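Pasting in a structure now, in structure tokens, and then I'll have a few things to ask.
Chains here go by letter, A, B, C and D, matching the order in which they are written, and residues are numbered from 1 within each.
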Amino acid sequence: MDYQQILNEIYAKVQPCLTRGKVADYIPELSHVPQSKFGMALVTHGGEVFEVGDAAEPFSIQSISKLFTLTLAMRLEGNGIWDRIGREPSGTAFNSLVQLEYENGIPRNPFINAGAIVVTDLILSHLDNAHETVLDFIRELSGNKTIQFNRDIVRSEKATGYRNVALANFIKSFGNLRNAPEAVLDAYFHHCSIAMTCTDVARAGLFLANAGRSPSTGSEIVRPNQAKHIKSLMLTCGTYDAVGDFAYRVGLPGKSGVGGGILAVMPGQFSVCVWSPGLNQSGNSLAGTMALEWLTTQTEVSIF
Amino acid sequence: MDYQQILNEIYAKVQPCLTRGKVADYIPELSHVPQSKFGMALVTHGGEVFEVGDAAEPFSIQSISKLFTLTLAMRLEGNGIWDRIGREPSGTAFNSLVQLEYENGIPRNPFINAGAIVVTDLILSHLDNAHETVLDFIRELSGNKTIQFNRDIVRSEKATGYRNVALANFIKSFGNLRNAPEAVLDAYFHHCSIAMTCTDVARAGLFLANAGRSPSTGSEIVRPNQAKHIKSLMLTCGTYDAVGDFAYRVGLPGKSGVGGGILAVMPGQFSVCVWSPGLNQSGNSLAGTMALEWLTTQTEVSIF
Amino acid sequence: MDYQQILNEIYAKVQPCLTRGKVADYIPELSHVPQSKFGMALVTHGGEVFEVGDAAEPFSIQSISKLFTLTLAMRLEGNGIWDRIGREPSGTAFNSLVQLEYENGIPRNPFINAGAIVVTDLILSHLDNAHETVLDFIRELSGNKTIQFNRDIVRSEKATGYRNVALANFIKSFGNLRNAPEAVLDAYFHHCSIAMTCTDVARAGLFLANAGRSPSTGSEIVRPNQAKHIKSLMLTCGTYDAVGDFAYRVGLPGKSGVGGGILAVMPGQFSVCVWSPGLNQSGNSLAGTMALEWLTTQTEVSIF
Amino acid sequence: MDYQQILNEIYAKVQPCLTRGKVADYIPELSHVPQSKFGMALVTHGGEVFEVGDAAEPFSIQSISKLFTLTLAMRLEGNGIWDRIGREPSGTAFNSLVQLEYENGIPRNPFINAGAIVVTDLILSHLDNAHETVLDFIRELSGNKTIQFNRDIVRSEKATGYRNVALANFIKSFGNLRNAPEAVLDAYFHHCSIAMTCTDVARAGLFLANAGRSPSTGSEIVRPNQAKHIKSLMLTCGTYDAVGDFAYRVGLPGKSGVGGGILAVMPGQFSVCVWSPGLNQSGNSLAGTMALEWLTTQTEVSIF
């Protein structure tokens, strides 16, 4: 399969779509990213890397970090995490408090904000420097030791993230946080702020295309059935309240972030990351979703 | 009407009910109050005072303070407050976030927590020392300069009031708070902590039985139609999600608090406060509601 | 008090408002009523009648019938009805199914559609010809034996009232209807279709201004405390999801219908009915609500 | 792979679990099925059939029919169906009306009752004898011309299916049904009542494991990308409000019914149907879900 050729075609094809999305403005820092950006990187199981456009430019991974914190929490606690978080699609917005009230502070899944806040609390109960450990873990997964937090994003989140403060305190009021809400939020905001390139993200996700094992180092990140579990969660809960649409159109497990990045994996074949900051109504990258749809149409790959 | 005789009869009659309610435990400090307490004070339009039981013992007024902060906000802003708060019963729990999410941060009415937090924010925009001003206003209304905050209650609320922190930050995320959530909550927790006796509260509410004017001093607290408005809000929104039941059984405008106090007024006749810490399922004083029901049955007064 | 003078002034004053509301179109038959209609009739405790405008023209009472079916059900079953219906404001639209689902088929109060359907079911369990009995009861209350069902409205409701069919079957699915949904709906649609003049309605409601007893015949319709209970329900639940606003502005217990009629009572003084088909956003007569607000402002009467 | 050996092992292993579920009793006819029943049939891409237990005993397919009606509707209307039905998981119970009210009568997906009712309406707009056509289609897919409706189930549904009557009328009230609710429900109840064996169902679903084409006849049932779409909908919406859990544990696209049947497909390899009437809390066959989990664990197949 000539992946480079396909990426080049996708790059040409998405150009007219780049202006149609809406750059996230819920925190001021994110809104400054130019809408015209588009990058895509595909890393095969065998380690080959294909890139196009702005694939080497770091962007704010935002909710893609939820995938890595979940992975870390599964390593630390195994199935114990499901006592405090569900694994069902929420059917509501990613930052909704409604369901949390009806369900007594148990978030629906680890990929909505509420769930990732509980995951962060779990990690924090094991580790003092949760956010440093998460950063180290991501550096290790992607093989890039220069990955950093974006401190401006952290500050911006802290200054304006009232909704997340509400979520953390709401969960705490139900007794489902062990640590102080401020400490959990500090770590959570750091995770979301991590800046990575498409190639970094695709590399970091490759263990999911290889039954939980890093193809380059051969080390086991998670056990094979845990990798399967994570991918099932990506498919049913990974792309906000558009999981059905994403599965329908793309047909791969994916995890998106409001920074405009999406990571998707094809088991046994490749890991791919696309980035374009203009979002569709569901909060997923508009051009990014199209690019992945074209990729799976062109390559005729799909888990279905 | 021999009010003293009626109060005495009520006092005898409620004794077996005092053990049936449940003392509020959502903040630790409140849970220490003995369940056996019962006090009642009735102040007539003409200034006569009738008391029974623990009517002279200070208790935590909690949400009854919402009546006084609303009154103060109406003095400061008039009808402007209705741009930021509704005046309909919520149909849901007093600390619910669900409705707030569906209605974009506009609280249903000034007597649920969310509404009182916005009222406090309104006052804070006028006054630096909002909580001192509220305390002074309550002292003036009740004619008792010794009324104080209970600092232990304030501390207890601050240490454990995650739900209210969630509410304030949630409202802020919708842009319906002008001040910092911490500052608003500090004032709000102070208001709730104020300790008053039944007689203090009944005296403080007497202006509502007298078309907005203090019968003792003759000064106008609010205009006559504002007094009417406040009473209509008490009737439709003053007793948590049991307003229908309270109107049905008692038939007077009332405002309750989880400290176990209830203030009710009969226009043109009297203001009455009852206190008993055991609550019913709706969060209103169980014995207190019964006492008011017997009072209106016995005296055959009702606004209906 | 020169009521005629006041009604005349109101009549002049509402003219410019008549075009501002929206005539109900949820059933085709109702939408044909000219928006310019306005009638008002006030009947005093002593039996004097004051009328203005279209007060003698019959209109479709719609949900005002819920007041009369509730009264009849209270006569038949007393407090037993509260096992199957709540008495709290719903906080949601009059035809909502959401709350019913969360609360397992127990309607919030007898004045929303769901509640009135259960009330109708209760009556039907006592009487074979429920709708004839209700019609007879209303004729007796108003002293007008010519009052009729509007068969076109019944047909129109039956042909298009899918929402009410949904409600009745939903309640039945929870086991809170004893009779077949079709039979209950047939009676319910008949009740809503009854055509009365403002004067008829005001006369029919006069027992509520007289502690449950008909001033003209002296017969007891309901016991005094039942009359008080009905009025408390009108105040907290009688005007759709605008009860707070109605209490605030009008300050009287009232019951409205989407035909544009509103009945309100001032205990000990009068019963008044206003009719104007243009509705406000809450489904209450726009000009009718204004007229009642002016009436209470002008006469300075209010239960508060 | 020795499928027969694996099925035999599963059969032995599930025996102690058969008593732990709860046989559906929402319609009386279903509740008579013995809880001890367990059957499983696996049909490979190449046409080999493996059976165990009660695999040859017909059971009520109930919601599994939604898969076949959706397939038929996609053949008739293509992507036009998505104008009237969503394709997202609902996050709420399969027969909930709440979401339908918030989303104005557009069902979340074709696999909840509301969605299947709209699908049935779509088919009915094309065909007079919708239910006969659906039966013929299922007979053709499974290669079994003796498959029948269970008329007792149809009668039982009609006599007691108030919730579905409510759903259909509710959708109609929003204008999202073209035909009369009674006609749509008649067809819908017939579809649900179809009785098939595990082997019938597995055979009928085999086209989904073969990119939309029947492996035996070679005829195209749906286009390849439509087959992919159907499977993505099964994964995200096919097993009531336990789709996340099912994807997590089983890792295959599946569709369940309250009769206790579940159909699952492994693209390129096999179609499998399991039946056991005891349901878990989510309404999926308890032993059936376990059996599929063991199957995918044992064979190490999964789409992830």
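Quick note on the criterion: a contact is a pair of C-beta atoms (placed from the backbone, for glycine too) under 8 Å apart; a residue touches a chain by one contact, two chains touch by 3 or more.
Please read these numbers as outputs of a predicted model, since none were measured by experiment.
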## Note on the structure
For the copies subunit A and subunit D, the interface residues, called same if over half of the numbers are used by both and different if under half, are same
## Note on the structure
Most remote chain w.r.t. Subunit C, using mean C-alpha positions, is A
### Message
From the mean C-alpha coordinate of subunit A to that of subunit D, what's the distance rounded to whole Å?
### Response
32
### Message
Can you work out the whole-Å distance between the CA centroids of subunit A and subunit C?
### Response
55
### Task
Give me the residues of subunit C that touch two or more other chains.
none
### Task
Examine which chains touch each other and state the graph shape they make (line, ring, star, complete, other).
ring
### Query
Taking the complex as given, what residues does subunit C use to touch subunit D?
96-98, 101-102, 162-163, 165-167, 169-170, 172-173, 181
### Query
In the complex formed with subunit B, which residues of subunit C make contact?
86-92, 99, 108-109, 225, 227-229, 231-233, 235-237, 241-245, 247-248, 251, 253, 267, 297, 302-304
